[in-house]
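The data blocks that follow each hold one structure.
The same chain A turns up in both complexes below, where it pairs with chain B and then with chain C.
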Partner chain A sequence: MRRFSALIGFALFAAVMLIAVPLALAGQGYWLTVLTTAALLAFGSLGVWLTFSIGRINIAQGAFALIGGYVVAILGTRYHVSFWLSLPLAVLIAAAVARLVGWPILRLRGVYFAMITLSLTEVASLAFLNGGSFTAGASGITSIPRPALLSSSLSIYLASALLLLIGIALAWRFAASPTGAVFRSLRQGEELAASLGIDVARYRLLAFVVSSGMGGAAGAMFAAFQQNIFPTSYTVNDSVNFMLYCFLGGLQSVAGPVVGAFLLVIAFQLLSVIQRFQALLYGIFMIAAMLFLPNGLMSLPQVLAARRHERDAVVPPR
Partner chain B sequence: MAQILIDGSVLSASYALIALGITLIFSIMRLLNFAHGELFMIGAFMVYYVYGAWHLPFVLGLLIAALVPALIGACFEKFLFRRVMRVATREENSMLLAVGTAILLDNVALFLFGEEQHGVPETISGVLQIAGGFLPYQRLVVVVMSLALIALLLGFVQFSRPGRAMRALAQDRDAALLMGVDVDRTSMLGFAIGAGLAGLAGGLLVTIQGVNAGIGVDISIKAFIMIMIGGAGVVSGALLGALVLGFAESIGYSALPGSETYLLIFVALVLFLIIRPQGIMGHPWG
Partner chain C sequence: MSLLEIEGVSRRFGGLLAVNDVSFAVETGEILSVIGPNGAGKSTLFKLIAGFLKPSAGRILLDGKRIDGLRPHTIAARGLVRTFQETTVFREMTALENVVVAHHLRRRGSILAELLATPGVQNEQENFVANAKEILAHLGLSGFEDESARNLPHGHLRALGIAMTLAVRPRVILLDEPFAGMNSEETARAVQIVRGIRASGITVVLVEHDMGAVMRISDRIIVLNFGTLIASGSPAAIQQDETVIDAYLGRADETAAL
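Presenting the complex of A and B:
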């Protein structure tokens, strides 16, 4: 039953994204760009959500977005490789890097893992900064060719929306499959999972590699659409934001990071007066969420219901 | 060679203050203070304003550099962390709250202090020459004050009554509570002292490196590197981590240009963590 309603929700979301939005906003490039940004950020956050599901706080998504972006940038400008070939390559390379560094660092847990992934974002930025003529250093790579077939903001939007829908389906599939159950068991206790014969190292690496591949895809799309990439395109703050979207939406369901990303990105476009304080408000949101809604916005109905229940409860006579 | 040793000692001594502060908070609260670099930055700005801009005594600046971050830390503990740690269902919650406080302080600082890089005039001019290396008196002041503060802190934690309460809390929170330790007050004091140490480190280092509102993240990352090397929550580990990072930096900067040093430090760190994930002195997952 739950599964069925989730399916309906997904179908509705897909219809809005692929039919309603293009019909309503066809001529409005600005809003299409906003929604493109939201869709790609949501896609990247879905990856982070996947690592949350194995109980790891992943602050490295910015690093993999940067890797994906640079792959597209370097292949597109130097070797004139089509975007449609370099996009899967970007995903593969980001995933390969994640496999390489993930094996040692996934042995770390809790705050240790958070610390090392945060450092990783900084490392990626430094590596591209010091890449010499290969990465063009601080000046970054500009005038990346536009992807073939994606010349209008509408087509760019549709591609991003499609990617997000695929991402949601993928994450949902993961969560509902036996692998998803294994992931959740890792969150509850790796020793216990290992004692049941689960190859802990393999599964946690799988989650991290898929997550980072998704980060790479998001970065590749952003680089191709904005047609530039710099070592500072993704900083620690961006990695933290990916995490914030997950948390604001809620970690319990796949919809969490999508809700979080769309809500924050669109809210800040609507309230352009407060855009100057965007980062400041992100900090306040994060603190407020932890204080009052530790399970994210998606848990709001439950919290309200519990409150109502409490209020309506009959007070026993003394 | 002598120069590398001198620079390494100067860096290590002041980094030790940062590492000890974050270790103190970690061991008492089981909490990684993501805002540590921001507290450092605020301390540095306090000295910049009091001593650099308003020309009041440097010592007064240092005092304020310790008090303001300590006050912020105490408020964070009392109004935010205490509540969240009590009701949290996932252990990530308190850590994400810490990330939130870091973002908040970062942006408030950007708003209040602006983006420019600020420096302060030297408190003492002149250079000491040791074995072919140069040690400006300013840096000597930083080393001596850092070492004095480290000794003071270790003495306080070892011998004073609140210090003993902190150690008891770090060992076993429930047992400390049962023995009559005021857990709430001791936690607040520990957070305040840790934050104050970060502020003091900032106040001391601003005389050498200057300050801008963006250094918070960099300093936090340095603090993380140190406790990853030494082991989280262990005092001897914090000191060792500071020593390793300080010398790695001074060796790196003398041999390599620019930011390549940190790239190498990170690579070395990851390789080190393969062999010893809990750090040199850390307990496995303790």
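Presenting the complex of A and C:
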């Protein structure tokens, strides 16, 4: 029953993304670009959501988006590799880096893992800044060729929406599969999981590698659409945002990071009208969300139901 | 050849010798209890056997093959599983989900097959669920399948912990204080459960402070004191053993409660 309603929700979302939005915003390049950004950021934070499911706060997604972006940029400008080939390569290279880096750092937990992933973003940025002629340093790589078939903002939007839908399906299947149950078991007790025969190191690496591959894909798409990439394209702030989308939307369901990303990205655009108060309003909004919906916006129905229950209850709950 | 052999195992924490040159063997199908005062090294010994700690010296063999130095999940795959002292379960899962996850070692599907939910994977999961329900029923947890583990009462949590280890289908099970914190009624039930485990062909090693239960249930007992094995034998022999009485059980006036 829950599975069925989730399927309907997914179909509705797909219809909105692929049919309603293109019909409504066909001529409005600005809003299409905003939604493209939201879709790609949501895709990246779905990866972060997967690492949350093994109980790790991952603030490294910006690093992997940078890697994905530079793969597409370097292959596209110097070797004239088609975007459609360099996109999967970007995913694979980001995943390979995650495999190497993840092995030692995933031993850390809690705030220690969060700190080291945060510094990874900084390290990646510095590495590309000091990469000499290979990464073109601070001037970045510009004039990245447009991907074949994607010349209009509408087609770019559709590609991003499609990628997001694939990402949702992937994360959802992961969460529903036995592997997803193993991920959740790691969050709740790695020693217990190990005692039951679960190769803890292998599974937490799997979650991190999949997450980082998704970050690489998001970075690759952004680089191709913006046609440029710089060492500062993703900063620690961006990595933190990937994580915030998850928190804001909620960690319970796959919809959480998607709702969080769309809401924050769109809110940011709307708030830009009143630029002077943007940071203030943004801050108040985030604090209010954390205060009243600590389990994310997706928990709103449960919170409201609990409130109603509380009010109607004859015997006050404990 | 014994099923499980501990040969001259020591474990040092800095200047402290927590386990000191301990040797004993566990035979197939027996219930062996490890007793001793607090800090005698019982829990350390369990961690060494299950792979959560590496011995500083000595060897541990399962079926004649060395398992010391292997990681816990590998040792579990070889057929030796431990439970935890605290009521350790996956608290955010239901009782049923806890036991289903514990079927991990029997999963055969690739990740791709799982993502696509192939009929093979679905069948396997259905089997695991059916088997998990059976195990839960066997341990008296039938009505609690869909209850979140965090809501289960203490005694049921411990049963759930045992249910999870049974799902692994081990040949040796290490129970860390299975009767701690239980009243006499709960203990009687837990003793029955442990006997049932042995009856199903699983060898049981347990650490326990409840002397009444230990004396009733054990085939053999070994006694640790300050990390050293000071006695081993049948419950009757242990109760008469002078060194054990001095170190742990105490003199007659103190043992009246036993």
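The rule we apply is simple: the second predicted complex is superposed on the first by the 297 of 318 C-alpha atoms of A that agree within 3 Å, B and C clash if a C-alpha of one lies under 4 Å from a C-alpha of the other, contacts with A are read in each partner's own complex, and residues count from 1 in each chain.
The working rule: a contact is a pair of C-beta atoms (placed from the backbone, for glycine too) under 8 Å apart; a residue touches a chain by one contact, two chains touch by 3 or more.
Since we're looking at a predicted model, the values are computed, not measured.
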item	value
Contacts of A:Arg308 with chain B and chain C, given as first, second, both or neither	neither
Which superposed partner A:Thr179 touches (first chain B, second chain C, both, neither)	second
Dominant toucher of chain A (residue count), chain B or chain C	B
First (chain B), second (chain C), both or neither touched by A:Gly110	first
Partner chain in contact with A:Arg78 - chain B first, chain C second, else both or neither	neither
First, second, both or neither for A:Val200, with chain B first and chain C second	second
Partner chain in contact with A:Leu129 - chain B first, chain C second, else both or neither	first
Chain B and chain C contact sites that coincide on chain A, given as residue numbers	none
Partner chain C, residues of chain A touching it in the complex	170, 173-174, 176-179, 181-182, 184-185, 187-189, 191-192, 194-200, 206
Chain A contact footprint on chain C (complex, rising order)	50, 52, 71-73, 76-77, 81-84, 88-93, 97, 100-102, 104-105, 107, 109, 111, 114-117, 121, 125, 164-165, 167-168
Residues of chain A that touch chain B when the two form their complex	52, 57, 101, 104-105, 107-112, 114-116, 118-120, 122-123, 126-127, 129-130, 235-237, 240, 243, 247, 251, 277, 279-280, 282-287, 289-291, 294-295
Touch list for chain B against partner chain A, complex	26, 32, 80, 83-84, 87-97, 99-108, 111, 217, 221, 224-225, 227-228, 232, 258-260, 262-263, 266-267, 269-271, 273-274, 277-278, 285
